[in-house]
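Same chain, two partners: subunit A is paired with subunit B first, then with subunit C.
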Partner chain A sequence: MIIELGYFAVITALMVSIAGILAPVIGLKTGNHGWIRAGRQAVTVNFILLSLGCGALIYSFLSRDFSVKYVVMNSNSRLPVFYTISALWGGHEGSLLFWAWILAAFAALAAWIHWKTHPAAMPYLLIIESSLTSGFLALIIFLSSPFERIFPAAAEGMDLNPLLQDPGMVFHPPFLYLGYVGFSIPFSFAMAALLSGRLGEEWIRATHRWTLFSWIMLTAGILMGAYWAYYELGWGGYWAWDPVENASFMPWLVGTAFLHSVMVQEKRKMFKVWNLFLIIVTFSLSLLGTFLVRSGILSSVHAFANDPGRGVYILIFMSVVLIFSFGTLVIRSNRLKDRIEMESMVSRESAFLFNNMFFLIATATVFLGTLYPLLVDTLYGTKVTVGAPYYNKVFLPIVLVILILMGIAPMIAWRKSSRDNIRKNFLIPAVVAVAGTVISAILGIRQVYPLAAAAIVYFVAATIITDMYKNSSYWASHSGTTLLKGFFKAWYHNQRRYGGLLTHVGVLVLILGIIGSSSYKLEKTLILKPGDEFTLGHYSYKFHGLQDVQGINWMGVEALFNVYKGNQFVAEMRPQKRFYSGGSQMPTTEAAIQPRHMGDLYLSMTDITQEGWITVMAFQNPLIHWIWYGGGIMGIGVILILFKRKRREL
Partner chain B sequence: MKGWHVATIVALIGIIGLFYAGLGRDPRSIPSVLVGTEAPSFTGPDVQTGETLSLDAYKGKVIVLNFWASWCQECRLEHQNLLSLNGQFRNHPDFVMLGIDYQDQPGDAIDFLNTFGSTYPHVRDVKGTIAIDYGVYGVPETFVIDKHGIIRFKYVGPVIGPVYSHITDQIIRPLLEGKELKQS
Partner chain C sequence: MIKSKKIGIGISILVIAGALGYLALGNFGENLIYFYTPSEVLSLSHDYYGKKVRVGGMVVDGSLKVVPNTLRINFKLTDGAETIPVAFEGVPPDLFKEGTGAVVEGYWDSGKVFHSNMIMAKHSEEYMPIEMKRAGVELPKKDLMKSLQR
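And then the complex of A and B:
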């Protein structure tokens, strides 16, 4: 009964969202404000209805209602409560509903927050948000309903995919969705600006926090996915350039470009068309991600169902959004002329322009790599894969350029930078970079990329530190206090800038993690019998034998390893192979991970034979934790910007 | 119309067109390089009796190899079809069918065969090497080997629906009759 109520709520939500499109349209035509208010009621009611829909599905999960198909497919009675709730987004149908719910929540939130401050944009915002909601709701109701029942009811459910029974996987999708869907608000504001003709800086200021919020959620979602892949999939890596990983990375890249280029419009009233273009591309790529995952058009670890019916629907939906938004941009862009010309190539705005160009080139390389197999298959019927070698060759150099710009851009002046200014800001960092690189080379870093990356990291870190030092000492002498107090004062007066710089520090840490863990990774694959020993790097591993282990809803076998450095005992490691109940799933591999000096010793048991022999992949991943530490620092940086006090900055 | 207007429109049409063209395809179907090459030989214990079975013992026959596992849902789905496929040809002197039990616990595999029935022998892939030799990366996968020991057909996924009749009518029967296979 409850599930039917949920279904009914979602059907009602579709009708309400269609009303939510029409009411503001009428409001715009008649000038009657009441209709626009009705549009706001519609998004609010929609949020409540979709909450009921999600609630009904969660209730069915928790009450183990195995007459509901989605519950049968994605849970069973032994599934822990935590995962039973997260099973809501464990499958295709439920994750679409969850996505629609987040969309409705953001739409309602935006409508209430910006109601008084942005009355002119409001009707357009409501129309676009309701259109997006109705598009997703129609897909849910007509092609992928999680509310379907089966007769007769099943006695027991299949199971949630064991790979998803993991805390990392519980949080990874919601964060990604918050990021993807969050970009719909800046997108809607941009479209409102285009459609209403109010093409000033208003929409940029209104969406500043939305953009940052979505961006950091997307960042968190991607990094959590990487972390999950790292310890759950057992292949020793965290990023495989899988099409669906790329699908989340592309909106991130363009979103990052957007995040920076809006600053140019804020300060210099330039890049107007460009910013609209970027946010439209960002949101389009978010939709593209949904399409790639849900249509099964590309071969990926994520694309679960190959369902051309749904694929066609999402393609049509996406095409409508793309054609409408790019079409509007093309038609309206003539009204937008930057009245201000670039004054010098050596200025912050030109640095931002280069930043944007390289982010877009980076996106294009990922886009090409992702779609090339599809293109070749469609044109020639030949199967190809594009993997890490392509991206390492093409993508890495672009990243290095972006990193250099990351050091330069915050330190050069708007409009025009004098030679003097450049010498003052970059002499010390350049010296530090050269010295640091030489020292690194002496210490044994000899590969080209790590050395180049190290040079850039030294350079950027030095620019940030000298900048902070200068500002701190300025504020210290200005108010006659110590340097430390000056530092906090500088921070207090420039929280946005410093939050940004801290985010850059996070990026540097993350880059060091990537370089360390990929260039200095050690790996070995071995077949061992009990009593065997092997060494990897400075560590030796002794395999003692196998033993059975058991969890709430799985049985497993684990291998016992003792790890030594020289003669000194370091740790015991137990890689596992798990068989989940439900009996329908491939055994999963639980890697044993032993943190060691900010890197990991990593063992993954891929195979067990009857005689007690095992196949083991052993890895040593130096600095790999820095990837996630870097993400954390980026998060803190963004939070500091999000929660800065409202005051004029110097 | 400015240059970037045209570029945007062309790019949009191109991308949407590509997606539309790609929708009907199955990105996972990969033509096997093994088809047309000699079938790797193997030996291994029989799942039920434990005695050693060898592919070489069946030289000169048309052999159907089916990789399966007790934990595999799709294998349950195709199991009745495999039994009836064997039933259809088992009286032919040149036909033989073998199951290969992949990444499995012996007890589970025996339970599976007891529950769902078995009319042909199954080899346990003890070290996972048979699967590696045949390039198997998931179960079920089915191979057909001709009288000269050459792999003539490979299918990834359960043998159900049209796949069943394709294998019996277009592959096994012509091979038993010594006819050439139609290029598909």
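And then the complex of A and C:
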């Protein structure tokens, strides 16, 4: 009964969202403000209705209603409550509903926040958001409903895929969706600017926080996915350039470009068309990301079983969004001439321009590798995959150049930078970079990429530190206090800038983690019987034997290892093999991970024979924690910008 | 003055984009890995010997032989029409067992045995080789639902 109510609420939501498109359109045509208010109410009602829909599904999960197909497919009676709730987005149908719910929530929130401050954009925003909602709801209702029943009811559910029964995987999709859907608000504002002809900087100022919020959510979502892959998949790595990963990486890349290029428009009123283009691409790639993962468009490579009807619907939906948004941009672009020319190649504008270019080339690289197999399959019926070496070879140089720009762009002057300005800002960092590189080389970093990365990291870090020092001492002498107080003053007066620089520090830490863990990784695969010992790096591992372990809904076997450095005992490690009691019968590998000097010792037991012999993959991943720490620092940086106090003078 | 600067920026963009485009496309071709069914592998010409490819099929029941105390596993992969022997060395994914679908990456060296050191693990349980999917996913799915209702 409850599930039918949920279904009914979602069907009603579709009708309400169609009304939510029409009402503001009529309002614009007639000039009657009441219609626009009705459009806002539609968005709010939609949020309530979709909350009911999601609530009904969660209720069915928690009450273990195995007459609902989606509940049967994604849970069983022994599944812990935590994972039973997160099963809402564990499968295709539910995750689409969840997406639509976030969309409705953001639309209602945006209408509430901007209703008074941006009245001219509102009707357009409502139209766009309601259109997107109705597009998703139609897909849910007609082609992938999570509310379907089976008759007769099943006695027991199958289980949530055991690999998804992990905290990392519980939070990974919601964060990605918050990012994807969050970009719909800047997108809607951009379309509002184009359609209403109010093409100033208004839409960019209005959506500044939305953009940052979406970007950091997407960043967090991607990193959580990487963290999950590292802990749960047991192959010692965290990123495999899998199409599913690429799908979330592409909107992140263009979103990052957008995040930076809007600053040029804010400060210099340039890049107008470019910014509109970037946000349209970002949101389109967000949609594409959702669909690629959740629809099985990539079926030719991944062969997730799927319904061809969905693919066709999604293709049409994407085409409508693309044709409408780019079409509007092209028609309106003649009104968008930048009146200001770039004055010099040596300026912040051009640094941002190159930043954008490299991000877009990186995106194109991923796009080509992800969608080429699809294209070839459709055209020729040939099945092909693009190997990870392609991405690694192309990405490393791009990343290094972007890092250099990250050091230059925040420090170089707008318009045209004088020689004096360049010397003042970059002489010390350049010296630091050279000295640091020489020292690193002496200390034993001899590979080309790690050394180049180290040089660049020294350079960028030095630019940030000298900048902070200069500003701190300026404020210290300005108000006659100590350097430390000056530092806080400088920060207080420039929170946006320093939040940004802190985010850059996070990126540096993250990149060091990536390069360190990939260049200096050690690995070994071995077969061991109880009592055997092996060494990897400076550590020796002794295998003592196997023992049984048990969880709420799984049985398992774990291997006992004692780890020594020299003769000194370091830690006990217990890699596990789990067998979940659901329908899947699929064993999972739980790696044992021992943090050690910012890196990890990592054991993954892949096989057990009847005589008690085991196959073990052993890894040593130096600096890998820096990836997660870097992400954390980026998060703090962005939060500082999001909560900066309003400037009085503006 | 302004014109020449514009040209300068334009040229430098073109040069950089060109260089990176070359980097991307140059690496693209050699990193393409083709996917075949066992039947297609058997009809491959000598040119493909030693080239890295992927083969997808079902692991034949009763064909799986683990060489004791090594990382070597031998098994047969079929697409229903043809069957090829696979010599695998390494760590198979958790999902790998007889009677299920698998994709192996490696070399069709001698034209007699497929040498592989990687078997694909996928996130989904619904994973199956493409050709079999075309034969109809709905069937196994229906069986599944039926077995649940019993």
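Following the convention adopted for this analysis, the second predicted complex is superposed on the first by the 633 of 650 C-alpha atoms of A that agree within 3 Å, B and C clash if a C-alpha of one lies under 4 Å from a C-alpha of the other, contacts with A are read in each partner's own complex, and residues count from 1 in each chain.
Just so we're on the same page, contacts are C-beta pairs under 8 Å (C-beta built on N, C-alpha and C of every residue); 3 or more make two chains touch, one makes a residue touch a chain.
Since the model is a prediction, treat every value here as computed from it, not as a measurement.
Engineer: When the two structures are superposed on subunit A, do subunit B and subunit C clash or fit side by side?
Structural biologist: Superposition check on subunit A flags a clash between subunit B and subunit C.
Engineer: Now for A:T589: first (subunit B), second (subunit C), both, or neither, which partner does it touch?
Structural biologist: It touches subunit C, and subunit B stays clear.
Engineer: Between subunit B (first) and subunit C (second), which, if any, makes contact with A:G311: first, second, both or neither?
Structural biologist: A:G311 sits against subunit B, while subunit C stays out of touch.
Engineer: Counting residues of subunit A touched by each partner, does subunit B or subunit C come out ahead?
Structural biologist: Between subunit B and subunit C, the winner on subunit A residue contacts is C.
Engineer: Is A:R419 touching anything from subunit B or subunit C once the two structures are fitted on A? First, second, both or neither.
Structural biologist: It touches nothing on subunit B or subunit C.
Engineer: Return first, second, both or neither, reflecting whether A:T365 touches subunit B, subunit C, both chains, or no partner chain.
Structural biologist: In the superposition, A:T365 touches subunit C alone.
Engineer: Is A:H597 in contact with subunit B, with subunit C, with both, or with neither (first, second, both, neither)?
Structural biologist: A:H597: touches no partner chain.
Engineer: Quick check for you: in the superposed arrangement, does A:L163 touch first (subunit B), second (subunit C), both or neither?
Structural biologist: Only subunit C; A:L163 stays clear of subunit B.
Engineer: Going by the contact rule set out at the top, does A:M357 touch subunit B (first), subunit C (second), both, or neither?
Structural biologist: second
Engineer: Check the residue A:K29 against both partner chains and state whether it touches subunit B (first), subunit C (second), both, or neither.
Structural biologist: neither
Engineer: Should A:K116 be classified as contacting the first partner (subunit B), the second (subunit C), both, or neither?
Structural biologist: Once the two structures are laid over each other on A, A:K116 reaches no partner at all.
Engineer: Given 25-33, 43-51 or 79-87, which part of subunit B has C-alpha atoms clashing with subunit C after the fit on chain A?
Structural biologist: Residues of subunit B that clash with subunit C lie in 25-33.
Engineer: Touching subunit B in one complex and subunit C in the other: list those residues of subunit A.
Structural biologist: Common interface on subunit A, subunit B vs subunit C: 158, 299, 303, 306, 383, 583-584, 586-587, 607, 609, 613, 615.
Engineer: Going by the contact rule at the top, pick out the subunit C residues touching subunit A in the complex.
Structural biologist: Touch residues, subunit C against subunit A: 2, 5-6, 8-9, 12-13, 16-17, 20-21, 23-24, 27-28, 31-36, 52, 54, 56, 66, 68-71, 90-92, 94-95, 121-130, 133, 137, 141, 144-145, 148-149.
Engineer: Which positions of subunit A touch subunit C when the two form their complex?
Structural biologist: Of all residues in subunit A, those touching subunit C are 72, 150, 152-156, 158, 161, 163, 233, 235, 244, 299-306, 341-345, 350, 353-354, 357-358, 361, 364-365, 368-369, 372, 382-390, 393-394, 397-398, 525, 527, 583-584, 586-589, 606-607, 609, 613, 615, 617.
Engineer: Within their complex, state which residues of subunit B touch subunit A.
Structural biologist: Residue positions touching the partner: 5, 8-9, 12, 15-16, 18-28, 30-31, 70-73, 103, 105-106, 124, 126-128, 138.
Engineer: So in the complex, the part of subunit A that touches subunit B is made up of which residues?
Structural biologist: Per the stated touch rule, the residues are 158, 291, 295-299, 303, 306, 308, 311-312, 315, 318-319, 322-323, 326, 329-330, 333, 371, 373-375, 377-378, 383, 579, 583-587, 607, 609-611, 613, 615.
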